[in-house]
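Okay, structure first, notes after.
Labels run A, B, C, D, E and F following the written order; every chain starts at residue 1.
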């Protein structure tokens, strides 16, 4: 796929991603989008934030541009750069600039991980100005009316060094996410992992117990994604216990005592 | 918008931003501007510092150039750079240089966040010299008579590492800001959030209570901006409680106990 | 070997690397590969993780591209770079990009050591997108169906600073490794070190004792690789004790008291 | 103003800056200049060090080149750089090089803030060599006989990390500065702030009290500059108390209790 | 000497460096070289590690390429770089690449001091792959059969931050070094320092005493090199005591009390 | 002075720098130079190390190239760089390379301050190899027979972070310096400061007392340079006490109590 093709289509989501509304968050997101308010999605790993934003992009029929933030991501990675191409200097828009121009949803995943100079870019896009300043081109872009800034944030991770400043936080309507209800999650695991409902329900039951012991030492519970992994292994012929060990227990922790506890939980199920 | 257009008009504020004078700060700012004294705006997030400076720019009929400072902002980001354009090296003024030349108000938002080499730029512009030295061009610019340096500063944020040196602080007349009075704030929320006065007053009442518990764990109270967000969601059909949760409570904190306290405050209101 | 040749063949493993299945990990890996699930290999130094992945690459008949991660490894080292070649700018794919295009197994050894911007590359390759974005070329590559991401991770090393985030961990099916069983290990040492089975067994017996005292001050036990080194020295005519000192004791620790303990263990064997 | 003009005139001070000798420092500076000894000015913020050096530059009829040092100031910022100009590489002297060539006073304000590679430049200019080495041009410049190196230094600021090494300190004759005597300071404030002597004296009286409580929590007292700011605001029609709050109290501290103390001091005066 | 000449000859050691085998280390090294096992030399400063490797290079008739590692040494310093030469971009092999191609011994002196990205280079050269990957050229080099990787390591220096990871350590056969026996060391000092055997023996006797008090505060004892320095000074006509002070005592420590102790040791000898 | 001229003459010292031998250090240095042993000069600030090396350069009729080291000095600053000159890339030797080629004394002042990559350059120049490797040119230079490496080092400064490694220290013959004897120092001060012997003796007497109280809080005593400064001020007509305050007391410390003690010492003298 070349750049030109990429700037036209690839951000459109063509098939409806499966998502089950749990706390009216679809309605709330639609309201925020209608009022052009930036949105922050809060919640633990793998509880469905990414899936939700894909679902909303499909629903609102807007392209979605996702950027996974990390501590070496600078503002220029978001905005764009001059590149040499066949002896010519060509400006290439970064993902944020593309979103601003085309009226996409720009989803900055785990935004606190990024370099702090991203703040200077986010602020004027999240107040009544709705502008993006490309200093290197001396250009100020007025955001497309459909442009929507969405960030995600995992409260469990934050330390003193990596925290959203109040002056940034207070620019976003915030939706809080948690794992889906058992019945909903079973449906998701059955569909995505291509297993029967019974197996899915057993996996979700196990996940519930694992999430319950979270306070006893696990930093996070098992994500829905891991349940789907376990289901996929089972579908490949791996026995239930082995699949759970490889896809649920081992990824969660390196602590031997916690592994034992997790194994006990599995054994209780068989 | 191209660079040339940008250097002429976009910094002018055409419609009067709504601002209510509370402590004679409009008069004080006019006096400082008349005496060409640099000004520092102190106060918490979202209490109206940005709105105030926009209001003053409109009132004084001067362009306003705003720079959101951050820890990767260097002096050269303020002053300008040589850029390659169609095989030619072209100098592009940074935001501060543009302000100095055109006689704009240059507003450095949260200036302590910026790199320390910005100091060398700010100092000769804030004493009787009023000059900006562009080392890369070997040029020294005498500031336009209307040029005015304004910085903002949030005392609640400051740590030992990020503090304004006395030799910088003592170059600014300082105006202290706080949240507007309830009656004033209700008017602002009603106008900007496009809700009836009653709803606005309820939101402001809630904000007052939230700001009151600030000492009990919240680092900052709810800003006026968040109240306007809540009002906007209500206008989109979201019920009062849901709007307050998404726009006021969730953005302020990740602490579960504090969320409960905040929810109780809302329930008391309904 | 030039670049062109390299991109075709050198990653193929032609002769079957010797590997003994201990905990059904071969079957589990095949299932994960069939379901296109990313895999994490956990375990101590030199217990056979690298050998296992080579064995699986042979078995699955897929090329294997290995990257030893370290704290100065950036995402661009994985993705690729523009290089000047005979006055022309030529794009050279990095190891990950090559793997993604050709459908190889990409093995990131000790991935937590790498710079955090590698995360942004790993994430979209390990969820349902399976894409690699080459920002510098404005190109988004859909991974070859045979592409498989595998990472290794040594739980004994991890500190607070160097840990896999849960949002990364929970993207991998995890297989836990430990040293092989004595009988298996003896066979490996005899074959690879080209010594008789008796000598190999004595070395493995010594290793067992060394690994046993691990809790008493050694950070890691002797790896199978070191046993093969000792065997090789013996084969070169070095006496048993000297070979063990040079290949087992001295590499493990600089602590004089621990060296004495290790020497006592050897003396017990002779 | 272009570079060429700049290298001729702009550093000359044409009108005598007002300065009142307090401890024979004018005579001492003249002696040091005559003996070509480097000079260090020690003292708190805003006590008149900059004014003194401007006065001396006028008196000695030498150009004055001032550099405000900061933690991102490198030696190359002082010495100069090659720049591209109309496709040609042109060397542009830095401020120190210009001073060395033209026989100016080079004033490095708050020199400890600068990067340590500035030391290598300062040393050979402050001993019997009096040379500046421009490595990038392979040029060694013998300083003009009138060149004089002057640095300033605020002892109150220094920490272990930011201290002048003895091998640097012991290269400078040192003059210690403090706030002017009340009568002198009143004269300065009246002249520079354009207010009557009575108002000036009241401001100076207040400053005296503020400086007195310095030990009780203020890191520095109010500078003469701030008194002039207050006077300027008063001249613009701002009442005495308001002017003192904005120009004296708020700039000095963010501590609420200290603000109250400062307010009490003002109330006592009215 | 130009580059081309350098890549042919200068690494060959033509005259046999004097070395006395003490613990069968010559035999052990030959065995490791024959089995193509990487070697680590452990021991204090100046005990003869460098001399040993020079001796072995002579003995095995292989070129020796030495790199003194330091904390700013990156992998690219070892591998090579593209350089501009007469308007052409020319690749210049780094020292490691030269060794890998020509089948030299590559000696990385004090390897823990180097940047961690050197690990990625060392690993595939020290396992059964024996390959060096030059990413910038997209080239993978199979090491010459005579290539031998040797590293040195001073256990006395190591801190938590600068330690060899077990996954690196366990790739090397390790030989432990200490100062030579008195009789051997006297012979070395007499030959290299060009003094009579009696003077050499007195110096070695002194060194023995100095090394004995090492536990009482000296971080390291006097190296053989320093003994040769003292001998050289004596040969130049400097009296014994003066030569010992300048070449043995002063280099070892700055502690006044330790200097006195060292002086007493010298006085005892005269 | 252009580069070409510079590489011929400017490092030659034409007039004999005044130096009084105190501990036979001249003879010792001559012996080390004759035996081609590297030399380290240890001692406090301003005790005459630089003067000594200038004297020895004159005496041995060798050019002297001095580099003041600092924490941003990299190996490339010592070795040299490719520079653009009139569209051509020209290699410019750094100061060390010039010294190595021309057989000069290279004096690295306060070498521990420099970046650690300088070590890699110093080591092969200070053992029997006597080579300098210019990686960027692929050139290895054999040092001129007259080349002599000299470093200085102030033991009073050293911290854990900035210490010479034993593997570096043990490569240098070390000469320890202290302030000259009173009679000698008086002669120096009289000659260099151009005052009568009586005044010089009084200054030296004062310095003796100041150095005596060093243990009571001063980090270093007054250097001979400062005594010459004081003498110069006196010669310009400044009274004794004022000259001592400005040239001796103020440069030494910012501590008020220590200043009083120093003033008392002066008053005792008058």
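Here is the rule we go by: contacts are C-beta pairs under 8 Å (C-beta built on N, C-alpha and C of every residue); 3 or more make two chains touch, one makes a residue touch a chain.
Because the structure is predicted, anything quoted here is derived from the model rather than measured.
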Touching both chain A and chain D, which chains are there? B
Using the touch definition from the top, how many steps at minimum link chain E to chain F? 1
With centres defined as the mean of C-alpha atoms, identify the chain lying farthest from chain A. F
Do the two copies chain C and chain E share over half of their interface residue numbers, or under half; same or different? different
Which chain's C-alpha centroid is most distant from that of chain C? D
Given a C-alpha superposition of chain D onto chain E, how large is the rotation in degrees, taken in steps of 5? 120
Chain B to chain D, mean C-alpha position gap in Å, rounds to 30
For chain C and chain F, let me know how many angstrom lie between their CA-based centres, rounded off. 52
Inter-centroid spacing, chain E versus chain B (mean Cα positions, whole Å): 60
Chain C touches at least 2 other chains through residues none
From chain A round to chain B and on, the chains in turn are A, B, D, F, E, C
Given the complex, residues on chain F that touch chain D span 1-3, 6, 10, 44-46, 50, 66-73, 77, 81, 83-87, 92, 94-95, 109-110, 113, 154, 157, 219-220, 222-223, 225-226, 229, 232-233, 235-238, 242, 246-247, 250-252, 254
So in the complex, the part of chain C that touches chain A is made up of which residues? 24, 27-28, 30-32, 34-35, 37, 40, 42, 74-75, 82, 89, 115-117, 119-120, 123-124, 127, 135-142, 155, 158, 165-167, 169-176
